[in-house]
Each structure stands twice: as structure tokens, then as C-alpha cells.
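Take this structure first; my questions come after.
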Amino acid sequence: MTAVVIDNLSIAFPTARGISHAVRGVSLTIGTEKLGIVGESGSGKSLTARSILRLLPASAQVTADRLSFDGIDVLRASEAEMRAIRGKRAGLILQDPKYSLNPVMTAGAQIAEAWRTHRKGSRRAALQAAEHLLEQVQIRDPQRVAGAYPHELSGGMGQRVMIAMMLAPDPELLIADEPTSALDATVQAEILRLMEDLVSRRGMGLILISHDLPLVSHFCDRVAVMYAGRVVEELRAADLRRAGHAYTRGLLDCLPTLSDPKVRLNVMTRDPAWLT
Amino acid sequence: MSTPAALRDWLITETPSSRRQAAWGRRYRLWCDFRRNPLAIGGLATVVLLIVLCLAAPLLATHDPGQQTLTNRLAAPSAEHWLGTDELGRDVYSRLLYGGRVTLGMVVAVVLLVAPLGLAVGCIAGYFGGLADRVLMRVTDVFLAFPRLILALAFVAAIKPGITSAIAAIALTAWPPYARLARAETMTVRNTDYIAAVRLTGASPWRIILRHVTPMCTQSLIVRVTLDMSSIILTAASLGFLGMGAQPPSPEWGTMIATARRFILTEWWVPLVPAIAIFVASLAFNLLGDGLRDVLDPKQR
Amino acid sequence: MTSRLRSAASVAASVPITLFGLVLVTFLIGRVMPIDPVIAIVGDHAAPDVIAETRAELGLDEPLPMQFVIYVGKLLQGDLGRSVMTSHTVAHDIGQFFPATIELATVAIIIAMLIGVPLGVLAAVRQGSFTDRAIRVFCLAGHSVPIFLLAMLSLLIFYAKLGWAPGTGRIDVAFDGLIDPVTGFLTVDALIAGDWDAFRDAVAHLVQPAGVLAYFSMAYIARMTRAFMLDALAGEYVITARAKGLSSARVIWRHAFGNIAVRLITVLTLTYASLLEGAVVTETVFSWPGLGQYLTVSLLNADMNAVLGATLVVGMIYLALNLMADMLYRLLDPRVA
Amino acid sequence: MISRRALVATATATAALPVASWHAAAATPKGVLVIVKQIDDIVSFDPAQSFEFTNGEINANCYHRLVRPDPKDANKVAPDLATSWDVSKDGLEITFHLQEKAKFATGKTVTAEDAAFSLQRAVILNKTPAFIITQLGFNKENVEKLIRATTPNTLVLTLPQPWATSFVLYCLSATVGSIVEKAVVMAHDEKGDLGNAWMQTRTAGSGAYQLTSWQASDRVICDVNPHSSVEVFNKRVVMRHVPDPSAQMLMLEKQDTDVARDLTPELLRKARANKDFTVTSAGLGRVIYIAMNMATPEFQKPAVRQAIKWALDYDGIATNITPDTHVVCQSFLPAGLPGAVPGKPFKRDVAKAKALLAEAGFANGFEMTLDHFNQPPYNDIAQALQANLKDIGIKVTLLPGESRQVITKTRARTHQLALLAWGTDYFDPNSNTQAFLANPDDSDASKLKILAWRSHFVDAELTAMVEQAAKELDTAKRMAMYESMQRAAQERAPFAFMLQPIASAVMGKGVSGFVVGAVADFTKYSAVKKA
Amino acid sequence: MITVENLSVRFGSVEAVKGVSFHVPKGAAFGIVGESGSGKSTVLRALSGLNPDWTGRMEIDGTALSPHRSKDFFRRVQMVFQDPYGSLHPRQTVDRALSEPLEVHGIADIEPRILRALAEVALPPAVRFRYPHQLSGGQRQRVAVARALMSEPDVLLLDEPTSALDVSVQAEVLNLLSDLQVRRGLTYVMVSHNLAVVAHLCGTVGVMQGGVMVETVSADDLRAGNVMHAHTRALRTLCMALEEPA
């Protein structure tokens, strides 16, 4: 049973006008489950998730009482140890395949590279594996897609390639950082369903980071709501309607809806007390 | 405003109360960023020092830079002549100070000619596109494809050697890259939403170019200019090397080395002194330019 | 692919127009030079009837526009005219002088690339560190010294004092005239002749001037490499690559560098073009009989056929290189549509 | 290709060329004389066309002439191809008796037929140096009648008008009088050019050497003429183009060259201090002078011209700016040329110069421009002149220019002051005397547009005397005329003669026998030995 | 107020908009919804005059539009862009951005107008001399709206005005837009990929797919499910499904 333990994590960046604290004292434990981290831009959700793989910008100052991946101390692990986690045991899916895929390598080559890095097979075996993986992410003509460059693929296609690439070494945990916010609504649903399906079938853990609270609640078991670098509330997705924190409720209330038309939308009033 | 602290607060406030305060606040923030790069600060300090030295040349010089003493030529450094004398017995130290005025003056003159010209050509070509772009870029290409030193040489020879023609010649060869740069910047800027927004106010193309496009190009241009200053000094020196730069007795650094290089095996300090001056000035401008680029043009670095 | 080719073709179509502009400007420069080309041919001491005869021979008594039309007409037939300085046809001279320059510039660009690119990459990876700054100062230093001084210092140190490098010229006297000029590139010709000693000697003679040129151009290459690399390293795909568990070497070279390689080709090509035209001073110090020297000497002797011809060739090479960079960019970078 | 290589191999056969690469080569290859020099002045090797210094020197080593200047006595001509000659009483007919040993590189013996052809060819081609012969009255129409071979080794030259015999002989000793091999040259005749195009890059002579290859601005290679009877120590001469004097010095120190030709005064001083090196020097037949254009009203006053001559710091400039490379020379005939008058009447005298200016009505001075070549030593000298003239109240603006640019300007007579140099065209006083003093027609249509014309110097008396002197059969009388003309020029001419350049060559370790002289002819590669 | 008939736009060989027609009465809000590449933004750009290469017929207030627009047109029709980060000039303060339209149209009393405009979009006067990078996303979009209002237009074209904003800010901006419409009687054409947002602000919604406007339907019918086209139905179903938390 893989477990990520985050205890009192803080991330800060030096700026021209002093230190800016992006994440302050976040504690989370993640097992083989689907956890959603939700928050508005700048809430620190992405940094928190990336800190697990130690993929933060070089200037980030990270402190934590504990930050471990299956017992490995991420803050003190050597680069080689980290490489054994990255990709092999935990994958990361980024927001927009237009930027997160290497534009000058074919999709197949990028998947094969991930496969070979951790499985040490021949070039040809890797390419075959890549095509097989593309099939698994429900791409109908894997051969064409494998030979295509990222800019030749649609957003949905690109995100499937990204998923295939991260699944190649068969990891235990998948971190998806806003995996669908660059996609159209119809594609978004397909991709999320695909991810949910793969994760459940392989018994992997999933961390889904998003700004879309209703969306997350559909695909996750548990939701952590972040605001200004803190986790303000952690709850089961099914309990979202009964959220205790005013911020969480505010996020849900301010959305315009088709089913419930309003003349004016509710506007969230931010309580300064949330920051402490 | 009376104390440095108050001034600083006035500058860095998030709520400036006038355009002027906002502009100075922005400049101050840039300065704060710039200040964190020790190499760039070194470059800036050196440039400022050089400018001060050259401006104060009449006060600092120990001799008349044109005074010849044929019987005391190529003397080694001494108490009388701190950096020795040149091939006509003139004081190298004094000539160095006065030469800086000429050299740095040439650099400034070239920049003042080149930057606006390149900016205008590039922005017009880039913004209007079409025929204007094709014509202007073909002209730019012709000058780019021309062997640069040859163009400068031919130009100087066609007029007459001297500082003015050297300035004109260097400017003639230096503007095309600026036009290209400004054009490239303009092409990216032209398609942005903020330019679209300005177009939707009904502003004329000239107003858009002048007030909205050029400000976006100037920063990278400033960086390029600073980095180019050393090339300008060196081109001037190369012209001097080929006998087409500033002419004697004008104490221009490049010409000083060019005329003194024949002593490199014998009285080596004579060419070495202006060489060090050029090296220091070039390096300072280069470091300054690099620092400015980090601050002004983060995407190019 | 066809749209790529079409846009490349439209770029190529602009070349003749630019060339025509080049010819026109050069021609005008030649005519406004305050040097009587006849004096360059017959000398200062010639008798007036010899001067008049030569003037007519050169067509200088025709009106200016007519002279231009005649010149362009000959040019279109591939006739660059005859140089009065060397008594050879300009085409022959260019065939003799240009290979020397190409050889020099080529070796220089290779050296500059082999050193400048890794330094630029290293500086980008270690951005802001001491290494970054040291590299910056090292490269800028080479770009801050007048190149003739760099050349003379190099001669003094590596030739005179240390004796590591041979002196000036393209080859040792011992091999003078022994190598048949097949291609004009001495190194290649030595290989064709199967003369290994001559080859080694020619290479040894190349290293020093090429090194000087390389050091001078390295600053630009390293600087651009660094800038491109910083750009690339900030890309999301680099995070993806790291998230895949790749080694940092692979992330840097395969992913980040792989993305800038095509852009670097453009930088290298332009640097190469500037080396071809800009080696005049180095050629003078190292007694390198290259096109830069040829152009300068011809210009100062008002040998306008030679100046026009050589300028045209340099311009053409420049445009061709530009075009090539453009094409490479279009063909190699999958992103360009 | 193979054959050429084989040819070169035999030519350098004394020892197989050391296949040494650069670091192993401690010295230049044995049997090969290496000279470094600026050689981008070479235009053509055809003696009928060649008029530059470097080609002159190489031609002198590749060709025979009928007679040559005598290196030992400037006032005599020495036999060369002609062992002796007879002159008719009226001086109109000269009969040359040719030696029989001289052989072309093809192995053929040189005949009077070749000699006559060579002179006729120069006249018919009428290239730049042809005037040296045509000024005697030869032209396309008469030359074949007037210069003819009567026997295989007798050449008779009939003058169309009387000339001083010494003048004629000196003219024939010029490069243009080189004897080419008729059969070879005519075999390469193209459209009646008498082989001129082919000869531009080749030699066809009977000298000790022949031209093997010339690459412009790179090198000239000469190999020995296998049929020459001259004893030769170096089978090959390589002249390399090294434009940078410092590089020349470095090469000399590294023993990568045997002789360096263009060292600056400073480098010469350094070379003299090195006991391994031998410096040889000789005054050249050139003079550096200031031309005052008499179109400028100020210079029409003789006192102004004299004031300038008295304002110049001749010795200061010569000893400080151009030590070892120039000496003071205040006459248009530099030392070493026949008829040269020694002596330095002028010296810097600011008071006298100022008085002369005041006398002319310019007590407060005036402003002038000075055109000069923008290369050393001219730019240094010009700056010194600027300072000198400032002291007497003349404010000079320097106008530097590329040499041909300055020449173009002076030919257009648009200069005010110009610092110039003039080299003698042939080894006879008439060359310079005529150039500086003769101006029969000052209009733009003049047929003689040389130095006097270019500065609007019109002096009927001197113009007439120039022609008289050239026809004076009595040599002693003739030389006296040149002496008086030199004195007159110092008094009246708008020329301030300043300096005579000294040619210097530095021989590296173990090298001996290299000589330079007033004219290129004195440099004989065959005499150079290497230890 | 706005009539678009048979509008087609080509980019090279690609026809991005194929014969779109719709009509917006004065004071009404018309929404265009569709996925990326459906051509919805292209319609708006053609209408605004930013893209002159179109065919068909467009009228504003009974006047036919030509590819080249008069200055008066730009005074009456203004646009708000999707990304407030990109639509404000990075080197110009809020003050400059707001005074530019006034200067162009030669409108006097710049100072009070700017203050009034800031107040109207509920921005404190203190932001007046700030640069865009010193503002939050919501503030920027308010500045963009204020700029569009400076020349007192009748028509506002909204290109995904909230899609780059956080949901809480989106609510604020949407409220601002509906307030302004009421207060000033503006006519809106809004483009968005979010059905709920469009239906919230607009009485009528045109659904686009592949460059074609497949259906025009009132917001009420949309809510009630009275839709004809399959694409409209699919979009509606997805939207409804995600509105309810699990």
C-alpha cells in the first residue's frame, strides 16, 4: 500500500519584496484512493502536488515536518532515488498537452522513452509497447498517432498520449494537474472517465488537481479544498453539499447554472479569518 | 520625499497617485532587479566611471593631447608621462582621456542614428506588412548581405576618412539588424489583444505604431544597443586598423591602437594602453547590456 | 509539406531582387569612390595617351547608366570581368581566394560551436551561479578585444613564445607549390594528393587564425545558446521529461536542447556568414590570402570589377546561407507549418 | 599534375624537401630562399607592362637587359647581355655586341633577334612603361626599322633624334628593356597582343631564375633557370606576402623566413640589436616631398614657398619618426642616382620662415589643407608637419586618404598642400628632373601632365633646360646642368623635398649576401647564401 | 440593432465560418456557444472589424458594415477580450488605457470620466496608476470593461469575458455586466464555451459547430430542454450532469 504523507508542508519563494509564501503548513495523507485538490488560482494546489515528486522550481524553499513517498523521505532523497520514484512509481499529467509534450519528438518516441527508461527493453519493443499503450487509452489508430508530432494532435488526443506515457512504467500513483481545463467540455468528460477507469482497473492512487469543484466531486473519493496556501477543508466527495467551510460553499454557490437561473449570482465575501 | 526611506516608499508604493510616480516606481523596481546582478552593476559602474573620466578630461589630463615632442617618442611610463608617450612623443595618458570622448562620442552618435532608423523601418514593415514590408525588408536584406566592413570602408573612402564619415559608415552597416529585431517584435505585438483593443478604439495606424507598438520594441532595442556598443567601438577600431577610422591627430582609441600596433613587439605598452581601455569599455557595455536584458527583456535573457 | 515548400520558394524568389539591389549599391559605391580606376591600372607615371586608351578600354567614357547596363548584361552571362590588380578574371580570383576564407571560416565555426554551445548550455543549466558568470565573462572577453589585437596576441603567445602553433600563411614553405590546387581547400587538396605531412601542416596553420575567429564569435553563440536553453528549460515539457524519471543529462540534451537545435542552426548559419565576410582583419594579420583581403585591397585600388564580383559572391553566399537556415528551419522543425 | 610535381622535385633536388611539419622545422628548407614582403603591388610580370617595385625586382632576376645600372658607380652603366657597344659620332647610332653564353630557360641561346623583338614589342604594346623608350622618338611605325638585329649577336639601334648616349643607355637599363624569348612569347600571341596576356603571369627570360607560380597576395615562387651560367646557391626563391611587419619579425625570429623586407624603424632597431641578424640597407631612388599647388594664391609668392621650406624640421622628422628608414634629402635627385647633388641647404629656422611669411604679407599666417597617404610613415610625418607649420602661423588641416585617392586628387590639381612620394622611372637624372621641372603647357590639354603641371609650376627656362640636358652628348656638361637645375628647384620650385626612403632588408641567422639598392636590379637572389 | 446574414469567413483554404445569420434587437444580449474551433470567436472578430476578410451582410442599427470601419463605428461598438492578461498593454497604466479612447475620439474632460468609469466598474481610484501586472485577474477584466465603456458605446462584444477567471471572480464580472446592460441599455453579443454562463447573461443563444450555427434557441427553451439539434442537446446534458455534485 503506497502512501504519501505530507505533514506541515510549506513552500516559499524569494521575491524582490521579501519572501512570498505559496504553501503554508499543508498536511495530507494519500493512499490508494482518488483525492481531489481544489482551489482557485494561486491557492498552492499545484505546488503541493508537485512537491511530492520534487519537481518545484529551483528557487522554491521547501520545508516540511514530513514529506514521504512510501516511506522514502522526498526532501532528503538523492536525485537517483527520486528518479526511481518519478515516472516509475508516480506519474504526472500536466494541463495542456500543447506545452507539456515535447514538440519536436513524436508521440510514440516520447512514450517509448518513458517505457525504456524504466523497463530497459529494446527500441523496437519500446515502440510496440507505446502503440499498445495508445490502444489502452482508446486511440483507434495507434500507429498514426505514434508517428505524429504533438502539434498534429488535438487537445484530447494529446492528453491521451500524455496519460499513456505516464502509464508506461505502470506507476502506483498518478498526479493529474488540471488535466482537462484546456479541453472542450465533451472531451473533458471522456478524458476524466478514461482516467478514472484506468486508475480503478490498475489499483492506482490518483491526485486530481482542479479549480472545478463540481467536476472533481464526480471523479474523486475525497476532496481537499485549498485557499491561499492552506487546506481549509477536507471531506468526502459525497459530502460536498454539506461542506462546513464558508469558502467551499461559496465556490459552489457562485456558479451560474442551467437548472437554477438567478438574476444575480451570489458573490463570495472573503473572510480575512480564512487566512489564519 | 525628504529622506531616502520616504523616497523609497514613494517609489515602491502599490498605489501611485500620478503617472509620473507610476513610471518612476516601475523604473525603481527594474533598478531593484538590476541591482541583484553584480556583473551588471560592475558594468554600469565602469561605464559611468569612463564617462566621468572622459567628461573631466581637461581637468585630469596632465598634458595637451596634441603636444608633440619628437625627441621623446615611445617613452616608457614614467612620473612625467604616466602611461608613456606615443610615436610622436605625445602623452598617452592625456590622449587616452581625450580619446575616450571621441570614442564614446562616436558610439553615442551611432546609436542615436541607428536605433530610431531601425525602429522606424522595422515597426512600419512589421505593422503594415504587405508591400511596405516587402520593400523595406528587401532594402534591409541588401544592406545585410553586403560585407559589412567593406560597405563601411567604401563609404568612408567615398566621402573622406574622419570621425563623421566613420560614424555614418558604422551607422549605415549597423541599422539592418535593428530593423529586423523591431520588425520581429512588431509582428508578435501586432497580433496581441491589447493592440486589437487599441485598433478598436479607432486609433490611426500611425498612432498605434508610435504610442503602442514602439514602446514594446524599445526595450529589446535598448538591450541590443547596449550590447552593440562594444561592436561599435570594435568596428571603429577595425576601420582605424585599415586606416579609415578617426584620423590623426584625433586621439580615438581604435585609431590609437591601429597606429601603435606596429610597436607591439618593441614598445608594447603604447598599443596596450588603448587596447585595455577598449577592452574595459567593451566588456563593461557587454555586461551592462546582459544585465539590462535580464531585467528588461526576460524572455530573451 | 507542399505549403512549406511553397513558402520556402517565395523566400527564394526574393533573392534575385536583393542581389540586384546589391549590385546597384556596389556599382554606385564604385563610381563615387574618389579614386580614378585608370590610375590603379596604369599607375601614376603613365603617359596621357596610355591613360586615355585604358579609359576607353574600360568603358569608363560611357555615361553612368550605360556602364551599369553593360555591367549587368555581362553579369547575366556569368562574366564578372577582369581584375586589374591581379590580371586574372574576377571569377578566377574568387576561385582562388574564396576557398581560403571558406576553409578558415568553416574551421572557426566548428571550433566556436564545439566550445560555445556546451558553454551556453552549461551556463543556462547553472543560471545565476558562479559558473554562469565565469562563462559569461570568458565569452564576452573574447568579444571585447579588437580582433587584430587578439590575433597578434595569439601569434605572440602561441607562435613566438610557446611555439605551439605555426606562423602565418596557409602552409609551410616546405610544401609551397607541392600541392595541386584541385579544390582550393588546402587541407582537402593535401588529402587528395595523399600527402599526410602537408595535410597536418595545413591543419596546423588553420588552427590559430580559426581559433582567434572562433573565440571572437563564441560570445554570441554561447549567449544565444544560453538564452534559448533558459527558454527551453522553462518549458512544461521539461517538467514532463523530469516527471518521467529521465536523467538530467537526458532532460537537458534530448529534451531541452533538442528543442533549440533548429533555432541554433539559424544562429550558427548567420555567424558563419559573418565570418565569411568579416575575416578581413584576421586575414591581414595571419597573411591569409582570403576573400576579405582581396576585397579590401581591390576596394582601395578602385579595382571595381573585383569589388563588385567579390561583393556579389559574398552577398550571394550570405543570402544562400540565410535561405538555407530558413529552409532547414522549415524542414527540420515539425512545429513550423 | 604528376609531371609538375616531378619538375618541382628536381628543381629542389639538392636535398629532398624535409617532410617536416611546422614544429619540427627549425629553419627554412635547405636550398630554398624564403623572403617575406608585402607583394600585393604585383600586377603583371610582362616586362613591357610591369612597373611596380616587387615585379621589378623579380624581373631583374629572371631577365637579361642590354645594359644595367652599375651597382658600384651610379654614374655608369654596366654591360649585361651586351658586352660592349659602339656609338656613332653624332650619337644617333648605337651598336650592341651581345654575349653568347646567355641561355633562356628553354635552353635556347639569346640572340640579337630576341633583343630587338623585345624592345619593339614594348613600343608596340605601349603599356605604361613604354614611354621610357618611346620618349626617345620610337613609335609603332618606325621601331622595326630603327631597332634591328644585324647578326645573331649584333643589335643596331638608330635614334630618330639626337639624345645623350648616357640617357639612352639608362633608359634601356630599365625593366622595360628586358629581353624575352621571341619564340615562346609569340607562341602565345592572342589576337595580336604579342603574348601580353600570357606573359602577365609568366616569365620567358634568360636570368638566373624563372617564375614558377604567382598567387596574388599570397606568394611568388621562382625556380632556378637550369640553363643559366650564373652560380646559384638557392634553387628556389619563395616570396611570401606577409603584410604585417610584426609578423615578419616574428617569422624571422622563429627562422620561418630568411629575409624580412618591410620592418618598421622600431623593428629594425630590435633587429640590429640581435647579433644573429644582419641588416642591409640602401637609399632608394625615391623622394618624399611636399607639393604646393600654385593655383593657391598664397603659393604664387616665392617667399611663402621658401618660408615653408625653412619651417620644416627635417632632421627631427628623419631621426625621430623615420630612423633607419628615411634620410633627409632636399633635392629631387636622391643620393645614389646619377647627377645627385649632396647637401642640405635648408634647416628648421622658425624666425627666418616667419620673416619670409611677413615679407610676403602673411605675418598672421593662413590656413591650408594637406593631403597625405594614410599609412605610416606619411601620417606621422604629416602630423609633425602640421605642428611645424603651426609654429610659423600656418594652420594646416590634414586630409588623409588612400594613396591612389590622394594621387587622383593631385592629378586633378585640386589639392593645396600634399605630402607625396615620387620614385624615379629609370636610372637617369632626366626622369625626375623632367617630372618636377618640365611643364611646356599648363593647360588641361597638356601632353605632359606630371608633377610640375600638377602643381601649376610653369618655368620656361627650366623646361627648356630639361630638354637640353637630355640631348647633351658631353656627360660632364650634362651632369653640371642637372646640378644647376637642382639648385634652381630649391630656390624656385613649389616643392619642399624632405626625405629619401631607405630600403632595408634583415637577414636571419646564417643568411648572407642579400643586397638592396637604389633600384630593384641590385637585388640578386643568386648571391644569397644560407649557412 | 445587429443583423448578421449569411456571414462567411475564410482563412486561406479553410472556411472557418459558413453562412451564419442572426439578429439581436436593441438592448438584448445574444450568446454564441460552441467548442473550440467552432468559429464562434471568428464571428465576433468579423463583427468588430478586426478581421476584414468576410463575405455576407452585417448591419448595425440599420447601417451595413464594410470591411473598413469608420471612427464612429469604433465609438459605438466596443469589445472585451477573453484574456485580461493579454488585452491590456503591459507598459501602460490603467490611466493610460482608459484615456486612450478619449484621446482618439477627442473627448474632453478626461480626468472626471476616468474616475467615473473606475467607479462604474467598482474599482477603487487607487488602481488608476497601476500597471496591469499589479492587478488581479478580476480587476484587469474590470479595467477592460471600463475601457470598452469609455467611448460610451451602444454595443459590447464579449469574447469569453470570464473564461480566464476563477469562478468567484467570474460571478462578480457577470454581475457587473448584467448591471451595466440594465443601466446603460447596452446590446451584447457574447461568445463562450460555457453554456451556463451564456444562458445566465443572454436571452437568446446560438449554438455553433464546425462553422455553422446549428440552432438558435431562447435561454428558457434551453433550460427546459426544448432543443432541436443533437449538439445542443449533448452540450446541455453535459452541463447539467456536472452541475450536480456527486
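Structural remarks
Labels A, B, C, D and E are assigned to the chains in the order they are written; within every chain, residues are numbered from 1.
One rule holds in what follows: a contact is a pair of C-beta atoms (placed from the backbone, for glycine too) under 8 Å apart; a residue touches a chain by one contact, two chains touch by 3 or more.
Computed from a prediction, not measured in an experiment: that's the story for all the values here.
Two chain pairs, B-D and B-C, are weighed by contacting C-beta pairs, with B-C ahead. When each chain is reduced to the mean of its CA atoms, the one lying nearest the mean of all protein CA atoms is C. Centroid to centroid, with C-alpha atoms defining each point, chain A and chain B lie 49 Å apart. Annotation: 88 Å between the Cα-based centres of chain A and chain D.
Between chain C and chain E, the centres computed from C-alpha atoms are 54 Å apart. Taken residue by residue, chain B touches two or more other chains at 157, 160, 261, 264-265, whereas all remaining positions touch fewer.
Residue positions 33-35, 152, 156, 300 of chain C are each in touch with at least two other chains. Counting partner chains per residue, chain E has no residue touching two or more of them. Touching chain C in their complex are the following residues of chain D: 1, 4-5, 8, 17-23, 25, 28-29, 32, 34, 40, 43-44, 51-52, 126-128, 130-131, 134, 197, 200-201, 212-213, 215-219, 221, 238, 240-244, 246-247, 250-251, 253-254, 256-257, 401-402, 404-405, 407-409, 411, 425, 446-450. By the touch criterion given at the top, residues 245-246, 249-250, 264, 266-267, 269-270, 313, 316-317, 320-321, 374-376, 379-380, 382-384, 386-387, 398-402, 405 of chain D touch chain B in their complex. Only residues 35-36, 137, 166-168, 170-172, 174-175, 178, 193, 195-197, 199-200, 219, 222-223, 234-236, 238-246 of chain E touch chain A when the two sit together in their complex. Within the complex formed with chain A, the chain C residues making contact are 235-237, 239-248, 254-255, 258-259, 261-262, 333-335, 337. If you check the complex, the residues on chain B that touch chain D are 66, 68, 70-71, 73-74, 87-89, 157, 160-161, 243-244, 247-249, 259, 261-267.
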